[in-house]
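Shared chain: chain A. Partners: chain B in the first complex, chain C in the second.
Right after this comes the complex of A and B.
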């Protein structure tokens, strides 16, 4: 058990990080029924924007960059946590404007558009920041090792897991306890009725897309110090995010969270005892869950289902 | 339009002709792509532009392009310009096969150059051997590439996992201890490098306690790093490549595990570490070249790189660029010496080729082993250059080995090159 316990804790931590990655993805799928394949690229965009805030060297050899570099790292990191998601949210708004022509058409149109957007964003990142590896600095207080149960853990990873819990509850509170959340949920349930009540459904969709993209950007800022940062990092994100929402049940908020934790545990524990299967374990979980319950763990029952 | 005399339409004739050409096609032996001697020589670039080795692939490609640009400035090869066609191999063996097939049969490339992933290199070389097309594996370093997967048409320019392991294992056992753990990327290069390390551990009295296989594309190494902490080895021998390695380095640095246990990273490709903080560059690792080697020609080579690529974020060339450049330069020289683009003549020019240390900017002369087609060259051991203020000067070179001292004898035993007669001949 002493050998297993650290791996269970590690799996839980990993699961929370996966949940944060999937949060924006599940929001957009759940409310707009659009599979946003650009989610990973928005994740990368947020992280790159944060890297620019954190590393003045990227801003060039200017007086502003020199002054910026004198600001405490903690201040710059806090700012990066705002600017990264904001940049991703802006890109999300532009993407939603492009997506409008696909509403009411076959889902394939939206899928292809977001796939194209993912490629465009990735190339734009490559042009703007180069194709090399970037490094996101983090404040000393949340950096470095810490000792627990005779083993070393990365402080930053625990910080990121804690941040993920906060993000999950903040989104839940927004959706469940604010009038805006009520309108968003109502719009997902019956958009015609919401429009009839005088709400601008177009603006609502834009808000949801911006929120989902912003959450992708936020996940990028928090995850980049763990995963590193390169233009094609989006592909590392979109596959687990998609898998998590399918396992959890498309459109289910808590389904995505529970599913992410299960995926984290599967990857973490298999990583300890059968490491060669650690990546495969999440796909085995997908096959098991979907095989036994096609709509996922918390998915709504289809009208076609007996 | 239909020919009244024969009843065969022009379209039908063209279609039949195309089908016939496809059937008889360029993969028959003794093909000739171009009769005109002023026609450019086309080289197919098979480097990765996406996937795990995208960044290294770009560096590899820059090296090739500089060698080709320099040759063209001198008037080309055999008086003919060199042209290139690049297709992305996507760090995927299946794509590598498709790309090689297309470059040879549709683009009519006479030579193929480029690889970082051993799986991709092996896939390309199988296609190249089928057509007899000379293929330079510039940067993949699985021992199998010059061992069981060697081919008459393939030449391997990087040091392999065994070369690097031989340079490090004995010294590390003596300096840091006998109990080793292996952290291995779960694909051909990782497996073969780990096998070499295990064999050397057995030879020099070390113990391989355990091996952790890490799938390609792993983004969280915490389970593996926890297992390493629990096992408490003296040394961890890591054979993790590309983006996976960048992630591993970042996570090891966050845990402060860079100094204890000792880390031996089989080979460290420059594009994988350039720009990272020095605390991410822990342990001892191998390389075939460094831009600050105190040797004649190195400074000029760096200046030429900077003049040709003023805008690249990588301000100085590394080992991947170097291998791409050297391989291409030597191929073009071999064609010039052979006086023909005939593949067999060029292969014979390359087999056994001796390359003076001064020309290769290394400490020892290098040569192409005629039995394995691998370049036997100086292997350098390096660590992080912690005392520097220069952000580019990241490596401290610790030592260098003579090529014969680190030669991969197992690969030589496993390699059987196809006979010349079984290799299709061609001229472009």
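Right after this comes the complex of A and C.
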């Protein structure tokens, strides 16, 4: 058990980070019944925007970049946490405008369109930032190792996990305790009725998509220092996200959180025995869960099954 | 929006004018390819991908089962062909049989998990299984050679007992691939116009209705998935022969997505020949756009998005509408109401 402890801790952290990635994904699936395969690319976009703010070298050899570099890293990091999600949300709004053509058609078209968008965003990132790997600097306060229960652990991982808990809680508060959240949930349940009550469903969808994309961007900013940044990171990110949604059950908020932690633990613990194969455990988990419960752990009947 | 069954087909005929045209274009390709500034090898690649896309469209366009992980079976076929050459014997027929069998078995196993799924869940599960195969191909160094893949796969001669053709040069390989492609094309053309083809289209329209008229939905979905996987495996086997190597990249989500994109842009949703147009367009785009700009995928992706938004029927659907529009004035002149 003591030997497994670091792996369990790793898995738990990973699960919380996965949950944060899946949050925006589940929001969009729940309200719009669209599987957003560009979710990972929006994640990457947010992270790249943050990388630009954190390493002025990307801006080139200008006076502005030199001045920018003199700002304290903490300030820049805080700024990145705002700008990254904003860039992703903006891209999300554009994507939502394109998606409007697919509403009312089979869900396949949304899937296809967002797949195309993922390819386009990935190539755009390659053009703008190059194909090489980027690294994000983080402020010294949350950088470096720390000692806890006789274990060495990266401070930043703990920070990211804490941040993920905060984000999950904030989204839950927004959905459950604000009138906006009530409208969004109603929209997911019966969009026809919400429209009849006088809400602008088009604006609601755009808001939800922007929010979901923003959450993807935020996850990107927080996670990029751990995972590094490559143009094709979008694929590596969107796969766990949809896997978690399918395991947790489409449209269930806590289902997504619980299954994210399950997936994280599965990957973390199997990493103790077969490090190279640890990512395989999440696919096995998916096949097991979906084999036993077609709608996932907490799933309800959904439009997507038609 | 038009759908597959609105496009008139002539059931019964084994050889239709389209098949003759298709064969003529393919068989003359080695003569006109250099004239339009292309090279022989692209013909091999296009023919292999047409084979792959036609088999894929059986699932995607006809049965309405959206697989986003089909690269897995293409890859399984490629590895099976390579492993057969390296471990068992250098034999063309053995290798191709191994490729078909391995991909078909993989398709049967995965199909058993998939076939009670519907709609988007089906698509998501195919992605998950596709990723499992891709991940295994990368990690199982001992069998697949990891990220580098299997190298130095030979191109065995096509031995027909009395005559034997050497396939080591690209033009002769092209003719071999085209021969295989034409046999499969005629087989598929017959299949989609057989009762089984009608059943597939019934599944696309409504699985519930299909079940009510007595169709064993699960079995049909499973069978068509395995068949489509087997054709992908055959294409994969030919591909590993063409490339003389087999590598995990063909199994990635990107590559699985490309086959979907090609099929859709070409008009696989509305026409048997849609995938052919789509594959040709993809390779022309890759070589022509690719020679102009390194970022051709960006433009291809944008084109795909526009097709999905405005004309999901793709090229074949556009051609169909155009011919309808050209025919309409004549119909009006004949005193029939135009639709």
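The rule we apply is simple: the second predicted complex is superposed on the first by the 298 of 306 C-alpha atoms of A that agree within 3 Å, B and C clash if a C-alpha of one lies under 4 Å from a C-alpha of the other, contacts with A are read in each partner's own complex, and residues count from 1 in each chain.
Operating definition for what follows: a residue touches a chain if its C-beta (ideal position, glycine included) is under 8 Å from a C-beta of that chain, and two chains touch if they have at least 3 such contacts.
Only a predicted model underlies this, so the values are computations on that prediction, with no experimental measurement involved.
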Fit-or-clash call for chain B and chain C when the two complexes are aligned on chain A: clash
First, second, both or neither for A:35, with chain B first and chain C second: second
Which of chain B and chain C A:132 touches, first, second, both or neither: first
First, second, both or neither for A:227, with chain B first and chain C second: first
Which superposed partner A:279 touches (first chain B, second chain C, both, neither): both
Which superposed partner A:144 touches (first chain B, second chain C, both, neither): first
Which superposed partner A:191 touches (first chain B, second chain C, both, neither): neither
First, second, both or neither for A:124, with chain B first and chain C second: second
Touching both chain B and chain C, residues of chain A: 276, 279-280
In the complex, chain B residues that touch chain A: 50-51, 54-55, 58, 186, 212-215, 217-220, 222-224, 226-227, 229-230, 243, 246-247, 250-251, 254-257, 271-272, 274-277, 280, 312-314
Complex contacts: residues of chain A adjacent to chain C: 35, 98, 101-102, 105-109, 111-113, 115-117, 119-120, 123-124, 126-127, 235, 239, 242-243, 246, 276-277, 279-280, 283, 286-287, 290-291, 294, 304-306
Complex contacts: residues of chain A adjacent to chain B: 3, 6-7, 10-11, 13-14, 130-135, 143-145, 151-157, 225-228, 230, 232, 236, 267-272, 275-276, 278-280
Sites on chain C touched by chain A in the complex: 66, 68, 113, 116-121, 123-125, 127-129, 131-132, 135-136, 139, 252-254, 257, 260-261, 264, 295, 297-298, 300-302, 304-305, 308-310, 312
